[in-house]
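This structure is in structure tokens; I'll ask about it shortly.
Each chain carries a letter (A, B, C and D) given by its place in the written order, and its residues are counted from 1.
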Amino acid sequence: MTAEQIIFLIVALFTLGSALMVVTTRNLIHAALWLVATLFGVAVIYALLNAGFMAVVQVVVYIGAIAILFIFAVMLTRKDLRDNTPQTNKNWWAGALIAVLTFAGLVFTLQGWSGFSKTASAVPLGFDAISQLGEQLTSPTAYVLPFEVASVLLLAALVGAVYVAFNKK
Amino acid sequence: MNFWNDPLKVAAAWLEGIFTGWGMDAVLAHVLVVFLGVFLLITILMVLDIFLVWIERKVVARFQDRIGPNRVGPYGLIQPFADIIKLIIKEDTTPDGADKVVYNLAPILSMMSVLILWAVVPLAPVMLGIDLNVGVLFLIAAGAIGTLSIIMAGWSSNNKFAMIGGFRQVAVMVAFEVPMLAMLMIPTIFAGSMNMNAIIEAQNVWFFFISPLAALIFLIAAIAELGRAPFDLAEGESELVAGFNIEYSGMKFGMFYAGELLHAFTFGGFWAILFFGGYRFFGLEQVSPFLAILILVIKAMLGYWVIMWVKYTMMRIRIDQMLGFNWKFLTPLSFALVLVTALMNTLLRGADSWLFVTGMFLSNVVVGWIALEIARSVARKERERVEGVKAVEAHH
Amino acid sequence: MNEWLYVALFIVVGMIIPIGAIAAGFIFGPKKPNPIKQSTYECGIEPVGEAWIQFKAQYYIFALVFLVFDVEAVFLFPWAVKLGQLGLYAVMEGIVFVGILVVGLVYTWRKGMLEWV
Amino acid sequence: MIPLSWYLILAAALFGIGLFGVLVRRNAVAILLGVELMLNAVNINLVAFWRYGDVTLMAGQVFAIIVFAVAAAEVSVGLALVISVYRRRNTVVADELDLLKW
């Protein structure tokens, strides 16, 4: 086993363990902090995939903004933060079954695919993912439409959230 | 390649030779050497941090017409070491009902978020730190961890002041991160890269002269990010007592305190790197890496001095004014500046160097002037409105 | 391997050193807890209730606007990197992109949501 | 080298855990935390396919960034809904929001 594989396994276990804590912890602030740990693990996975930009963006967006938003939202709805009623509903075993079946189904489906265990070729020397990204995000023949639509989506999210949560009526 | 010209490579090769001589695996030896290098750098930073306490206290004393620490050692130089011994032998209390793990993790993360910033600092042309092609965003990512540590400290202390202080601090920090993100785009546009070293290499003319407004806004956003005056709302004794770190004592408090000072110095350094040419100074950096490091440290100290100067001459702003200033003035202005810079950069491409610099400088001045005029007219209307209301009230 | 390994080393060392400092404080400091000392500090007044009080909605709005601009910056940074080699159309795309988001900021402003009441 | 399958299995497992969270948690904020996990699982897949395919085709990364925007939109509107519901009904427990059953 190479060092890279060992690192991957450690990070993957860390990520999955924190993810399990996210869905099982009673205290919601702890759940949000475990989410931060999970997302950090995912950022390390991106770094392992040579996607440095994605890794740092993961930290900036998820840990810097989304986790903070979650913590603020928990504080705003704090009555349920420390209640002692069960945090999971009665059908938790059915949920667990569905989750396990989904996982098994996904793995089973993927196993039949010919490219399942292929390995990556080396990144070409001097390849700059960010500059490629910049070019393709603005190129009319590539992804300029998703680029602008993302802006509209964010606008809709901002306006919608402000309207929904704080309409003074 | 001798030690004087490339100390890092020479030392690393020498150490790796020793380690492999002991029969160590080459890759492992390399990692170990890098580990030692990182350890050395961070230790130097911590020692520097100790002296920053002394510098800060001396400078504030001068600003306030005092002498400052002068009893312990020559010029009071031993004073910070006495402070550290005091912090170490102080009792480390944890309040009842605190969330122990989160409470203890917060100061560690706070210090770590500052220390890792130095990973991307290019110290000299041959000592680039880590040559990340996302260097500029790394700054924001580290800041995100710092923000998180403040929320963790505030929440886990089980103290109302800590809670409110932490949340207010975070609200201000995230608010001022928006103009900071925008201002980081401007060196990126000029250099065509997010790599810190590429940004320094591109500064044949310091970016300060090309985009002075960007340098100014970056400084304001950085000061807010640091939580120093005029944005030091946690220090508001009458409202928040000490903000998020009220329950911390001993070395845990020391971590927050030292982290803040080192953070200020680090941002002085980044200000120098992004807008004042980093280690470059009329070709002197090519003479020796040691000279380059000296230049960078002097520039960082000057940046740090400006941050202190602002801190000790400005009053604290109220939090509503802080946030209003950011969202209603700084954010629109910084995005307007980014777009104007992008437009001018494209229009002036291929122009002579002096034309480019003059055009950029003038566009910055115009944008700043328009923004100030708008702010002034809005302020005048607001004042008339308020005074008009008062006049009517007095009339009744 | 790649440069992120060095970043990982920085993170590890950056945590070891504060842990060491705090551990030193833990070793050398006295440990004599008592209920008064352990109570939360509220300027000498006995603490009433718990600290997990409810917060006002404005915090959420600020985090929300920040999130939107943060994600926007993620899109704009690759644009900024490549801008030097692209034509005027790229600048126009950027202006449209930012312009759409500024509409959101103006809406929030007009709704009075940027006020710290 | 790490084969592609490892990343895909990790992503599938993360998706499963997220799905479990969405299905069983009672608190609406916790359900949104589960959705975040699922979106991240998708992103791991997208970036892994980018890396293991032709790296000069940026589609994987572009769509991962779009997923960031989608996640941000989902979280902001979702949490705003939760806060809105909390203000009207004083609860964020999804089981108790049964107005439409009547």
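To be clear about the criterion, a residue touches a chain if its C-beta (ideal position, glycine included) is under 8 Å from a C-beta of that chain, and two chains touch if they have at least 3 such contacts.
This one's a predicted model, so the numbers in the text were calculated from it and none came from an experiment.
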Chain centres computed over CA atoms; the one at greatest distance from chain C is chain D
Between A-C and A-D, more C-beta pairs in contact link A-D
Most central chain, judged by mean Cα position vs. mean of all protein Cα atoms, is C
Per the C-alpha means, the centres of chain B and chain C lie apart by a whole-Å value of 14
Averaging C-alpha coordinates per chain, one finds the centres of chain A and chain D separated by a number of Å equal to 6
Distance between the CA centroids of chain C and chain D (whole Å) is 21
Contacts with two or more other chains occur in chain B at residues 132, 137, 140, 167, 174, 177, 194
Listed in rising order, chain D residues that touch 2 or more other chains are 65, 68-69, 72, 75-76, 79-80, 83
Chain A touches at least 2 other chains through residues 3-4, 48, 50, 52-53, 57, 60-61, 64-66, 68-69, 72-73, 75-76, 79, 130, 133, 137, 150, 154, 157-158, 161-162, 165-166
Per the touch criterion, the pairs are A-B, A-C, A-D, B-C, C-D
Listed in rising order, the residues of chain D that touch chain A in the complex are 1-10, 12-21, 23-27, 29-30, 32-34, 36-37, 40, 43-44, 47-48, 50-52, 55-56, 58-59, 61-66, 68-77, 79-84, 86, 90-93, 95
Chain D partner, complex, touching residues on chain A are 2, 4-5, 8, 12, 15-16, 19-20, 22-23, 28, 31-32, 35, 38-39, 42, 45-46, 48-51, 53-54, 57, 61-62, 65-66, 69-70, 73-74, 76-77, 79-80, 85-89, 91-92, 94-96, 98-100, 102-103, 106-107, 110, 115-121, 123-124, 127, 129, 132-133, 136-137, 142-143, 146, 150, 153-154, 156-158, 160-162, 164-167
Within the complex, chain A is touched by chain B residues 27, 102, 132-134, 137-138, 140-141, 143-145, 147-148, 151-152, 155, 167, 170, 174, 177, 194
Per the touch rule, the chain C residues reaching chain A in their complex are 1-4, 7-8, 52-55, 57, 59-61, 63-68, 70-75, 77-83, 85-86, 89-90, 93, 96-98, 100-101, 103-105, 107-108, 111, 113
Note: in the complex, chain A contacts chain C through residues 3-4, 44, 47-48, 50, 52-53, 55, 57, 60-61, 64-66, 68-69, 72-73, 75-76, 78-79, 81-82, 130-131, 133-135, 137-138, 140, 144, 147-148, 150-152, 154-155, 157-159, 161-163, 165-166
